[in-house]
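One chain, chain A, links the two complexes that follow: it is found with chain B in the first and with chain C in the second.
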Partner chain A sequence: MIEVIDLHKRYRGRKVLNGVSFTAEKGQITCLIGINGAGKSTILKAIMGLTPVKSGLIRIDDAPVGPTMYEKVAFVPDHLTTPTGMKLSEGIQFMKDFYVNWNDARANELLKFFKLDRTERVGNLSKGTAAKYSLLLGLSQNTDYILMDEPFSGIDMFSREVIAEVFSTDLIEDRGVLLTTHEIDDMEHLIDQAVLLQNGSVQLAFDCEEMRTTEGKSVIDVMREVYTG
Partner chain B sequence: MNEGWTSVVFNNRDPVYLQVVRHFKEQIATGRLKAGQVIPSRRELGALLKINPNTAQKAYKEMEEQRLIITEGNSPSRITDEAEILRTIRSELIESAVEAFVVSVRRIDVPVDELLELVRTKYVEERSRTSQEEGGSSDD
Partner chain C sequence: MNRYLKLVNMEIHRFRYILFSLMGITLLLQCGSLIWTLQRVVSAKEKGLTQAEVGFAIPKFLSFPWAIVNTKEWFILPILLSITVLVLYSIIIWYRDWFGRSTFIYRLLMLPSARWVLYVSKLTAILTFVFSMIAFQLVLLVGENMLFKTIVPAGMRTDSTFVEASTINPVLNTLLPKQFEQFIYSYGLGIIGVIVIFTAVLLERSYRRLGILYAIGYVVVCAAAILLPAILPALESSSSYWYPGEIYRIELAICLIVPVISCCLGFWLLRKKITV
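Up next, the complex of A and B:
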């Protein structure tokens, strides 16, 4: 379980995170939802230790975050960090050299699944293709958790469909997935838990199927109440 | 095996796993799934319906509890052989559809004979239209 406890962060005088607390369980897809600037990406970066926070605690399987967690948690940022001059195959080799838990068979499987050309240069990829490649680099690590920052943002609908398919396969089964989005549309049926963020704190966190069972409300219904009510 | 699985459209307000269960019931009631027939694994179902593995798991658990499907040891799950349960599914689906119809038509206060005649005409029309579209494949 990833636990985020009372996270605070200021940036240029603004309270970006103002006491954020939530948990993301293994074997579940948890979605951080919020409009642009709600602090979604900052939270993922904070979990990965990529940005300093003022106060608060992050624990992964009851242990504080540290260098060993990079073999336990994979991060798919919203833009590719692979050097643009590299071929896709070289980018994969690069990851393989860094990560003990790299799963080459899975990387090959995903190259086929996403129909990626391993000889293509990273800098030449379209936005949709870059998102698929980014996901490949994250999913090919045998980690217990995977964080994804806006995996659907700004991508054509066919690429979105292919990416959504990943969420109904064993590629994510048994892992804990924590992803961010500002538009829930394609994801509504796929996510287990929703965490609604506003003004740097969690307004509401709920189990989506439970919400449908007890209140007959879709995730979008709840979002409308929270954000416009 | 993929037939009839890819066309499921989910609404956002009912629990997804119950919509999956309902889909199975419809397939059973219309004879597309038969007594004792092996059904896709949880993982296959997740991929076919594009739902997350937890939801597929939950749907199977629910169907096992309702004794709609049977999973023995490591063999694949299959539709039950119990005729009584299969019969119940059909009448349950018909009843709930009729109930919904009655609720909405009740507000208009139509005499029952007029209503039944209308239902007969419409229903016959609709059936002949859809069976033409499907090429009369409903019996295979």
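Up next, the complex of A and C:
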């Protein structure tokens, strides 16, 4: 389980995170929802140790954040993290060289699934293809958890469909997924837990299925209540 | 260890074209100017022309050190260019991972190894580039000596040692010191400089706008600390308080403390404060 406990962070005098607490379970898709600037990406970066926080605690399966965590948690940012001069195959080789948990067979499967050309240079990829490649790099690690920052942002309809397809496969099912989005439409039917953020703090966290059955509300209905009500 | 070597290999791989270009420019400029200078003088000597007729000095016998002295600018230019590029790259080696379409720093900071390995691998890469250029210059000098012997007929030249040739040019003399002690001082100071630059870059990357001030302050403090013992005797009145041996030991201690503190600070920033 990923536990985020009372996270505080300031940036240029503004409270970016103001006591954020939530959990993301293994085997579930947890979605951080919020408008731009709500602190969604900052939370993911803080979990991955990519930005310092003023106070608070982050634990992955009861262990604090450290170098070994990177074999347990994969992060798919909303942009490329492989040098643009590298070919896709070289980027994959880099991951294979550094991560013990790298699953080369799965990487090859995903190359075919996403119809990616391994000889292509990373710098030549379109935004949609770059998103697929980033997803490939994240999913080809045998990690317990995967963090995704805006996996559908700025991507064409067909690429969205292909990426969404991945969420209903066993590549995702057994893991704990924590993702961010401000476009919930594509994700609503996929997510198990929703965490609604506003001004750097959690406004509401709920189980989507429970909300649907007990109160008859969709995630969008709840969002409307929280953000506009 | 394995990941460290892989990172070093990757950093060298990323810089390879620039490194080879610098070597190519050095080869072209030094050999080109040497050939041009020697052919001009040999031709003048063969024709029996005087200094007044050709407008440049014609020695009785040509030597390799003489050739180096007379192609001075063209010898120094590629060396200075290489030094400038390598100093700039000591900064760019970090920033290139933050900027551009791909932010590779995300991946580097998420590698399942201690982050200080990243710092040390980048430092190793810079030192590898420096010593590769030095080794290349040494090999080039041997080649240029052979070139000299090929162009200048035996009757027109006088033998000289390799050391004479490298001593006569001040830049070559600094880059290739004759005493091992001098080599340690020169390159030790260079390594300290790179470490201080690395830590200054990490200060800026960690604290951003405020970090620029921290970085500038840090570089100034480090430079002052290293220079202070050297200029101390000049600052004091005629009755110097410190013996030269004591100043030497203070300087040595500072030159050990500055890189150790810089490395520790750099490692801590990477572990605790760095932000992407």
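The criterion applied here is as follows: the second predicted complex is superposed on the first by the 229 of 229 C-alpha atoms of A that agree within 3 Å, B and C clash if a C-alpha of one lies under 4 Å from a C-alpha of the other, contacts with A are read in each partner's own complex, and residues count from 1 in each chain.
Basically, contacts are C-beta pairs under 8 Å (C-beta built on N, C-alpha and C of every residue); 3 or more make two chains touch, one makes a residue touch a chain.
A quick note: this is a predicted structure, and the numbers were derived from the prediction, not measured.
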**Request:** Based on the superposed arrangement, let me know which partner A:Phe94 touches: chain B (first), chain C (second), both, or neither?
**Result:** second
**Request:** For A:Thr68, select first, second, both or neither according to whether it touches chain B, chain C, the two together, or no partner.
**Result:** second
**Message:** Under the stated touch criterion, which partner chain does A:Thr51 make contact with: chain B (first), chain C (second), both, or neither?
**Reply:** second
**Asked** Regarding the shared-chain residue A:Trp102, is it in contact with chain B (first), chain C (second), both, or neither?
**Response** neither
**Request:** Pick one for A:Phe114: touches chain B only (first), chain C only (second), both, or neither.
**Result:** neither
**Message:** Output check: A:Thr82 vs chain B and chain C. Expected answer is one of first, second, both, neither. What do you get?
**Reply:** second
**Asked** For the complex, which residues does chain A have touching chain B?
**Response** 27-29, 164-165, 167-170, 172-173, 188-192, 209, 212-213, 216-221
**Request:** Using the touch rule from the top, collect the residues of chain B that touch chain A in their complex.
**Result:** 10, 12-18, 43, 46-47, 49-55, 58
**Asked** Quick one: in the complex, what on chain A touches chain C?
**Response** 45, 48-52, 67-71, 75, 77, 79-85, 94, 97-100, 122-123
**Request:** State the interface residues of chain C toward chain A in the complex, per the touch definition above.
**Result:** 3, 6, 10, 14, 100-104, 106-107, 109-115, 206, 272-276
